[in-house]
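Note that the chains take the letters A, B, C and D in the order they are written out, and that residue 1 is the start of every chain.
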Amino acid sequence: MNPHSARTAVRRRDFLAGSLCAFSWTMLEAGGLPAIAQSPPSAGPGSPRLIEDLVAANRILADQGIVDAFGHVSARHDTNPNRYFLSRSLAPGLVTTQDLIEYDLDSNAVNASGRAQYSERFIHGEIYKARADVRAVVHAHAPAVVPFGVSTVPLRPVSHMAAFIGDRVPIFDIRTAAGMTDMLVKDAARGHALAAALADRPAVLMRGHGMTVVGPALPFAVGRAIYLEANARIQLQAMALGGPVTYLDPAEAKAVMDSGENRSYERAWELWKQKVQAK
Amino acid sequence: MNPHSARTAVRRRDFLAGSLCAFSWTMLEAGGLPAIAQSPPSAGPGSPRLIEDLVAANRILADQGIVDAFGHVSARHDTNPNRYFLSRSLAPGLVTTQDLIEYDLDSNAVNASGRAQYSERFIHGEIYKARADVRAVVHAHAPAVVPFGVSTVPLRPVSHMAAFIGDRVPIFDIRTAAGMTDMLVKDAARGHALAAALADRPAVLMRGHGMTVVGPALPFAVGRAIYLEANARIQLQAMALGGPVTYLDPAEAKAVMDSGENRSYERAWELWKQKVQAK
Amino acid sequence: MNPHSARTAVRRRDFLAGSLCAFSWTMLEAGGLPAIAQSPPSAGPGSPRLIEDLVAANRILADQGIVDAFGHVSARHDTNPNRYFLSRSLAPGLVTTQDLIEYDLDSNAVNASGRAQYSERFIHGEIYKARADVRAVVHAHAPAVVPFGVSTVPLRPVSHMAAFIGDRVPIFDIRTAAGMTDMLVKDAARGHALAAALADRPAVLMRGHGMTVVGPALPFAVGRAIYLEANARIQLQAMALGGPVTYLDPAEAKAVMDSGENRSYERAWELWKQKVQAK
Amino acid sequence: MNPHSARTAVRRRDFLAGSLCAFSWTMLEAGGLPAIAQSPPSAGPGSPRLIEDLVAANRILADQGIVDAFGHVSARHDTNPNRYFLSRSLAPGLVTTQDLIEYDLDSNAVNASGRAQYSERFIHGEIYKARADVRAVVHAHAPAVVPFGVSTVPLRPVSHMAAFIGDRVPIFDIRTAAGMTDMLVKDAARGHALAAALADRPAVLMRGHGMTVVGPALPFAVGRAIYLEANARIQLQAMALGGPVTYLDPAEAKAVMDSGENRSYERAWELWKQKVQAK
């Protein structure tokens, strides 16, 4: 059975039933029907380097096991802060330059051209709106971080590579923000609530779902996602040993971040990028 | 020593000893002796897309670590609901179009042509008989799910990707159904008991053995098997943290399933299929 | 520094110091000096199929993560039960036909020709001596089984794939057999004590070291090593869930073994062999 | 955003602000500005075998998962004990002969030629200064060892492959040595304190950071790093079983080391090297 046909069939049925709450322009676009809403104007192409890095970021996250078929990564437009780039709805490991869509900060597509869009693009748009310092956003379901999102035990830095955590990673519980939902940050209100839970931090866990990680450039957001996942595995094991665990002191975490050593992920970015480009 | 010769020798000895309980037409077929029973008539070839997807499903499950040399996946015939396709006895990672056998719902082969058959094909036939909504069945021994099949701790959804679980995954204990056995669902009665334990759900654990997962199409059955395994790993780790764990609320699980977002595995199927076809 | 030179230097020093307890004909052979002892006569070449399977077994165990640079696998000669084949001292993943050495059951090499030998070949010889039913032996340090060798918690079957365990896997503690040693089964007395701990079973754990697994043919010994390792991982996780664990009943374990279904590893052997031969 | 530009910008800002504590000749060299300090004289090239092994060691540690983008390995110069070789600041998996820099034991570069240097090179220099027996040093963040660095539970030998541990691995807590820092061993004083914590042992854990492992030759330092990581995983699992754990007796550990069997990693080095050279 063709899964695409199954999806379309479901959508068409909902549409014909006149189910207003299930109906949206987004759904029409995703289904390939002609868009009626006006698209926002383009801010022009991003720099070749930004586009290349965004494609690399997609593939790096897949290669490092942070995303699987789901999850996504975006970059703020480098000449217009009111735009961002994000792939069409596609597994990150398959993303190429041609798959990138330009969005405004309300997550309206400039050039979707009927392509299916990530329903959770509002994660990106609302964070860019709330955080002028953020230029890259990663959303992922990395299995190692999910336990800390459903537990009362906070995710804290046990490794200096995760010093960016500071004292702990906050948790966004969509149930608190929006009641009993389908768990997806698929509208502006939910995206806004997620951005509020993130506040001025580099990462937020999403209960029963995954994480969202941000940074001042793609290597930061990608690198933080990778080392947040590593820190989760290490902390779980440290706690399993049974004795007390020594976390980074907040003063140490701050000193690590202030020193900047290794925190730019420059050395790592070179390795990660070379690895995915050699494939 | 040729393991095939060993197998044949054992079978021949049992046969010569006239061990009636070990004797069956199936065994004769598997051993390459001429079949005396009449094969059921064919319902014609499945659609090329179904056959391609079934071969892909076999290889995807191997590639994703859900099956190893054992385990199998079937699809209901797309033009005759009383037939299904399943590989001859072969490791799923090696399956090609030529290896598929057509079965009736009593799991009699239409065209085995003397090829060895999975002894547990009754898992598939009996579920297709009991569940008109099911069009694909996966049986696997994925190590991460086995612990939940031998424990009193239920497997519950901690990740929205496993919302299909609902409140918990039921366990089929073959000991309850059939006493002290060789653990294999190798006849219709055991298959029927397994289908009863599955009831109207998407998955059932098999104590000391593995899991069986179903869906309305191959991407659903395969995707659910993959994310059930992931959820098992996440839940184990969440519990290991020591504090209380927040599972998906049944209302959330229902909302996720109703929304259909990501639940068709459309995006994942494209990735998984491309990965195995590139090999 | 050339590690080979370092080894040779140490040996030569021991030799010149006249340290009788460190001196042996084996050491002379391993060091490349002319052997004075008479080599036992050859029983002729093994069958091409046995030799091919033994090379495959070495590579399969490496590919499946059961051995790393250490560990080894042997097969009893198929026309003379008083001889067995084992690689020269080499990482199993690198073994080819040319690396195989023929041994008598006292683990004297027929055709070492100055090649370095595994110091623990006595594991193999002494088990072949004690167990006429055994035709293949695997020795490995697979990390997942070592915890059960240093714990008071027995390794028991939680998966039907490890039914061969029976009720539990015995542990050989070399400290009990030989006092404070270098942990290696490097002489006949230690090999004899290990064979006694194995008794009539398919596997034995070695405290602080690894496991030794046997079978009536290479696919059995290799398959059992693979599924003993898998069972160890599953049991650890089942216990980590915190509740009581249901193990296979001894009657179930016996029924699985009696049925022979899957126990010949025929289907698995085809997959494993194809995988290493495609490399 | 180009991460390299970001780094340079930060450095330039610190420099212009006249921040003396952040200013150093090293930083100037790393930033590509002309070095004013006199470089120490070269002791000539290392032997081709040493250089080849050091490049291999970098790639082996990456291939075996002991280092990722971070971590480094050095070798003492084989004709002048007051010099050592270490890569320029680069992910170990990418290191080639051309990337090696010669250092004196104060960790001044002989031939950096403006190339960026590892800020933690003092780990290597200070250990070579303190330990005449050491000819190779590995520093890594292997996730499995970090839990033991932040726990009160000591890392002890449960596997004979880690007999070199002796009774336990000491922990270097940089907080004790230098107060609230950025966790990096980036000057001689910190390197000296680390060497003191290592004392006459083969390995030391670094709290919230990783490990440093030494040996009389590259295969020893690399092999010990690999098996220390394996031992950490095994010990964690053995403890998770819940019962008492039997560690190697110190007399056993000593006997293993005295026997020298397997401890030279000769067999492993051949496998590891062949694997990375085949890539």
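One rule holds in what follows: a contact is a pair of C-beta atoms (placed from the backbone, for glycine too) under 8 Å apart; a residue touches a chain by one contact, two chains touch by 3 or more.
Note that the structure is a prediction, hence the values are computed from the model and not measured.
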By label, the chains that touch chain A as well as chain D are none
Here chain A maps onto chain B under a C-alpha rotation whose angle in degrees, rounded to the nearest 5, is 90
Rounded to the nearest Å, the gap between Cα centres of chain B and chain C is 34
Rounded to the nearest Å, the gap between Cα centres of chain A and chain C is 48
Where chain A touches two or more other chains at once, the residues are 240
Inter-chain touches occur between A-B, A-D, B-C, C-D
The chain D residues in contact with chain A across the complex are 1-4, 6-7, 10, 68-70, 89-91, 93-94, 119, 141, 143-144, 146-148, 150-153, 173, 175, 180-184, 186, 207-209, 236, 239-240
Listed in rising order, chain A residues that touch chain D in their complex are 49-50, 78, 135, 157-161, 163, 216-220, 230, 233-234, 237-238, 240-249, 251-252, 255-256, 258-262, 264-272, 274
